[in-house]
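Dropping the structures in below, format is C-alpha cells.
Common to both upcoming complexes is subunit A, partnered first by subunit B, then by subunit C.
Right, the complex of A and B next:
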C-alpha cells in the first residue's frame, strides 16, 4: 500500500494502481471519454489529465495510465488541468458538433465552444477514442474494424472501408461507443452495421430475434459450444 | 574471412586495413554517400574508372562517404605515396582527365585541389599518421591544409571520425582506425559496471535530442528485471534538413555497431535492433553489409572474443513516419504495429520493446561510445563545456554559404557556426534567426547569436538541441510563415492518437494560415498562446508536447511580426503573398523592359526608357520581376 495526497485529502491505495481508479474510489470526479473497464487504456482523449508532484517535479499526467506512488501530491482541478480539459472539449466539439454527449459534458464543465475553430462536417460523432477498435480486438476477438490513416485523416472502420468479412455483427462496437457514432439498425430479422446486413437468429422458445447468426457461429467456434445449444435467447435460457 | 577471437587476430585485420587506407600505390577516393551521389558522384566515379582503364594506370579507385562539406561535392581525393592527400572539389566527369593527368605525373598542375591533408587522425588509437615523410612537395605548398579551411577549422570530430576517411565497405579499414579494439577492451578487460561508470563519468548525453545522461540510462536498464533485454538504435531521423545520422550510418556503420555491442554487454542485453527509415536506402545497405561483416568476424554472434557474451543485431525498417523517432512509437513500430506512441510513466528501460527492458540511444550516441572506451571518460569530458561533454554533429543548412555537416565541441558560440564554419549569409543579406532542433525546436534570433550551443542553453532560449538540425534564416524570411511551415509539417506527421496533437495542431495551422493569408483576427495571437500551453501539457508524446515550439519561440522573439500580420495586414519580410504588393519605383526604373519580358502573367506594361507599371489585378506576386531587376526598382510592401 502507498499513501499520497489527492486534492488535499490523504489516501491509501495499492502501489501501481491507476490514479483514475483511486480518485474515483475516493469520490473525486474526473471526466473521461476513452477509458472503459473492459479494455486496456490508450490515453487518447487526454480529458483525465491531473497535475502530479513527485519530488521536485510537477507535471500534467493522464490519470487513467498513471500508476500511483508513495508521497505523490495530486491536484485534479488546477488551472493547467482545466486549460487542457477545456482545449480538448473545444477541439472535440468543433470536430463533432452533433454530439449530445460532448455538449452535455461541456455544459457540466462550464466550457463554451471556441468560435475560432471551424466546425467540421465530415467526422460524424467519432472522437477516435478507439474503444470500438479495442473491444472488437480484445473482447470480441475478431478485429473487424481498426484505425487507418494518420493524424487528422485518421478513421475507424473495416479494412479499406470495404464490407468486413470478419465482422460477426455483434454490435459491441456500437454498444461501447460513447458518442453513438456507430449506427446499428435492426429490422425484420436483419441487423445492419458497418454497411453489412446480418441475418438474425430467432429464439427457439420466444421467437424474438436475439443475435446475428454469424455471432452465434463465432461464439460456438470460440467456446466449443455446439451451435444447437445457442438457439435460445438469454431471457428464455 | 575467418573469425577474430584474439588481439593478435584483430591486429592482423588492422594491418590489412592500414594497407588499404594508405596503399603503396596511388589511391583515388570518391565521396559517394547520398550527398555526393545527389551532386553527381556516380558519374565522376564512372568517368574515373574509364579514364584509369583507358590509360592502364595502376591505381586503386574506391568509395568513401561525405566528410561534411556537402556544398563542394562531388569530392575526389587522391592519396599518392609520399605526398599529402589532395581533395578536388565540385568534380565533374569533364574535369576527370585533368585530375588523372596530375595523378599520372604525380604533380599538381592546372586544376587545383581545394585543400590538402598532411596527416590522418586515428582518434581511437590516439595517434596521427603522416601521409608523407620529409619536406612538403613544392607543387602543393600553396594549397591550404584542411585545418586552414574555415569550414573545418573549429570542428572536432568524434562521432564522424571516420566519415569520408575510410571506405565504408571495408571492415578492415574500420579496424585499422582503432575500431573493435574498444570492444575487445570492454569484453576482455572491463566489467559491465565499469563500462557504465566510464560512460557516466564521460558525461555523454543522448544525442537524439533529449540529452538524458546515457550512462544513467544504461544503469537503469541493467538494473531492470528481466532475462531478455534489448539495446536499440534510433536511426529514424526525420527532421526536415537534418541528415547527421544518415551520414554516420552511411559512412561509418561499424562505429554504431561497435557502440551497441559494448552497450549490450554493459546492460546485459541479448538482442539489438537498429531502426532506420526506409527512405535511407544507402544507410540500410551499408548497415546490413557492416552487420554481415561483423557477424563473419565474430563480433556479433556467440562467445564474442571468447568472453562468453552472445549478442546480435537486426535492422528494423521504418516506413517514414516522423513520429516513429519517438521512443515508444519506434518500439511499437518494431513490434510490427502502427507506429503510435504510448504513455511512458513506466520508462522503456523497464517496459520497452515487447514490454521488456529496452535501452534506446540515437545513432550519434552509439557512435561516440567506442571512442569513449578507447580514449577514456576523462578525455571525452575535457571536450565541450560544463554538463555538456564532447561534440555534437549539426547539419547546417538554409541561408548560409557553406552547407554541410559539422561536428563541433559543445558550448561553441552559435555565431562561430554561422559566420566562421558556415561562412556567413549569402548575397550580403543579414542573418535573422536559426531554427535548431527540427520542427519541434525553436528559433534563436540574431540577438542571441553569442549563445553557447549546448543542451541547456538552447533549452533556456526556448529552442532545443534536438537531433542537430540547424536551419539558418536571413532577413527575407518571414517568421510567421516559418512557424506555419513547421506546424504544417507537424500536422501532417501527427499520428492522430491523442486529441491535443491531432486536433490542436491542425487548428493552430488553420489560424496560422489565416494570419499569413491576411485573414488574421484580433485575439488570434492570444488564442495560439493558450492553445500552445494546452497542447504542451496535454499531448501524449514528445511530438505533440513540443509541436507548439515553433510558434512559441517565434512569438517570443518576433511578436511584432505577428502583430504586423494580424493588425496591420503587413508582412514585414515581404513573403506572405496576401499581404504584399509589388510596384515599380519611379526613381529607380530605367524602363529597360527586362521585368516586362520575364513577367509570367504579362501584367507589366510601359514604354522603353519610361517607368513601368504593374497591373495589380493580374499580379500573382511571384517575385520574378524583383529578381530580374538590375536596378532594384521593384518595391515590395
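Right, the complex of A and C next:
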C-alpha cells in the first residue's frame, strides 16, 4: 500500500495501481474517451491528463498510464491541467466536428472550439483511440480491423477497406467506440457493419434475432460448444 | 491458376528463408515487394494464412511504410528529387515534363508498366541539383529537354 494526495485528499492505494482508477474510486471525476475496462489502457485520447508532483518535479501525465507511488501529490483541476485538457479537447473537436459526444463534453467542461484550428471534414467521428482494434484483437480474438496508413491519412477499418473475411459481425467495435464512429445497422434478420451484411440467427425459443450466424460459429469454434447449444438467446436460456 | 501457384511458391520460399519468423515481417514484405515489384493482395492473404498473423496486422505494416506499394509498379521507378536544392533549380519543371510525356500523375505507373513516377525528398546529392534517379541510376544537372532521351535508354 502507498499513500499519497489527490486534490488535497489523503488517499491509500495498492502500489502500482493506475492513477485514473484510484482517482475514480475516490470519487474524483476525470474525463476520458479511450479508457474501457475490457482492454488495457493506452493513453490515446489524452483527456485524462493530471498534474503530478513527485519530489521537486511537477509535470503533466496521463493518469490512465501513471502508476501511483508513495508521497506523490496529484492535482486534477489546476489551471495548467485545464489548459492542456482544453487544448486536447479543441484538437479533437477540430478533427471530429460532427461528434455530438465531444460537443457535449466540451460544453460540460466550458470549452469553446478554437476558431483558428482548421476543421477536418473527412475524418468522421474517429479519434483513432484504437479501442475497437484492441477489442477486436484481445476480446473477440479475430483481428478483423486495424489502423492503416499513417499520420494524417490514418484510418480505421478492415484490410483493403473491403469486406473482411475474418469479421464475425459481433459489433463489439461499434459498442466500445466512444464517439459512435462505427456504424452498425440492424434490420430484420440482417446486420450491416463495415460494409458487410451478416445473417442473424433467430432464437429457437422466442424467435427474436439475437446474434450473427458467423459469430455463433466463431464462439462454437473457440469454446468447443456445439452450435446447437448456442441457438437460444440469452434471455431464453 | 498456374500463375497463382508460382506466386504462392515464391512467397513460400521467402517465408522459409526467414524460418517463418513473425518478427521478420518487414523483411519478408521487402523480399515479396522485390520479387513482384509491389505487394499483391493475394500474397498478403497467403502470408497471413501461412504465418498465422492477422491480415490486418500485415496491412497495417504495408500501408505504414512508404517503401511498400499495394499498387502494381513499373519496371523502372523514376524518383524526382524535390529537396530544397533541386526545387530551387527547377525540379518541379522536370516533374511537369515527365507527367506530360508519360501521361501519368506523380505516384502513378504508366499503362505499359514501364515507369512509376515518384516525388522524393532529398536524394543526398544536392551539388548535382536538379537530380532524378531512375532504377537506382542518378542523372545529375538535368534540364527537361534531356528527359526524353534518358527515358528512351530505359525502354
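Some points to look at:
Here, the second predicted complex is superposed on the first by the 237 of 237 C-alpha atoms of A that agree within 3 Å, B and C clash if a C-alpha of one lies under 4 Å from a C-alpha of the other, contacts with A are read in each partner's own complex, and residues count from 1 in each chain.
The criterion applied here is as follows: contacts are C-beta pairs under 8 Å (C-beta built on N, C-alpha and C of every residue); 3 or more make two chains touch, one makes a residue touch a chain.
In this text, all values refer to a predicted model and were calculated from it rather than measured experimentally.
In the overlay built on the shared chain, the residue A:199 is in contact with neither subunit B nor subunit C.
Applying the stated contact rule after C-alpha superposition, one finds that A:107 touches neither subunit B nor subunit C. Of the two partner chains placed by the overlay, only subunit C lies in contact with A:144; subunit B stays clear of it.
Of the two partner chains, neither subunit B nor subunit C is touched by A:208.
In the superposed model, A:77 makes contact with neither subunit B nor subunit C. Contacts of A:159 after superposition on the shared chain: subunit C is touched, whereas subunit B is not.
Within the superposed three-chain model, A:94 lies in touch with subunit B and out of touch with subunit C [touch as defined at top]. Touch criterion not met for A:221: it reaches neither subunit B nor subunit C.
Judged by the number of subunit A residues each one touches, B leads among subunit B and subunit C.
In the superposed pair of complexes, A:128 makes contact with subunit B only, with no contact to subunit C.
Where the contact sets of subunit A with subunit B and with subunit C meet, they give residues 147, 149-150.
By the touch criterion stated above, subunit C contacts subunit A in their complex at residues 41, 44, 54-60, 63-64, 70.
If you check the complex, the residues on subunit A that touch subunit B are 42-47, 49, 60-62, 65-67, 80, 83-84, 86-88, 91-92, 94-95, 114, 116-118, 127-128, 147, 149-154. The part of subunit A that touches subunit C in the complex is made up of residues 133, 137, 142-150, 158-160, 164-166.
Across the complex, subunit A is touched by residues 321, 338, 342-343, 345-346, 491-500, 502-504, 506-507, 510-511, 521, 523-524, 527, 530-531, 533-535, 537-540 of subunit B.
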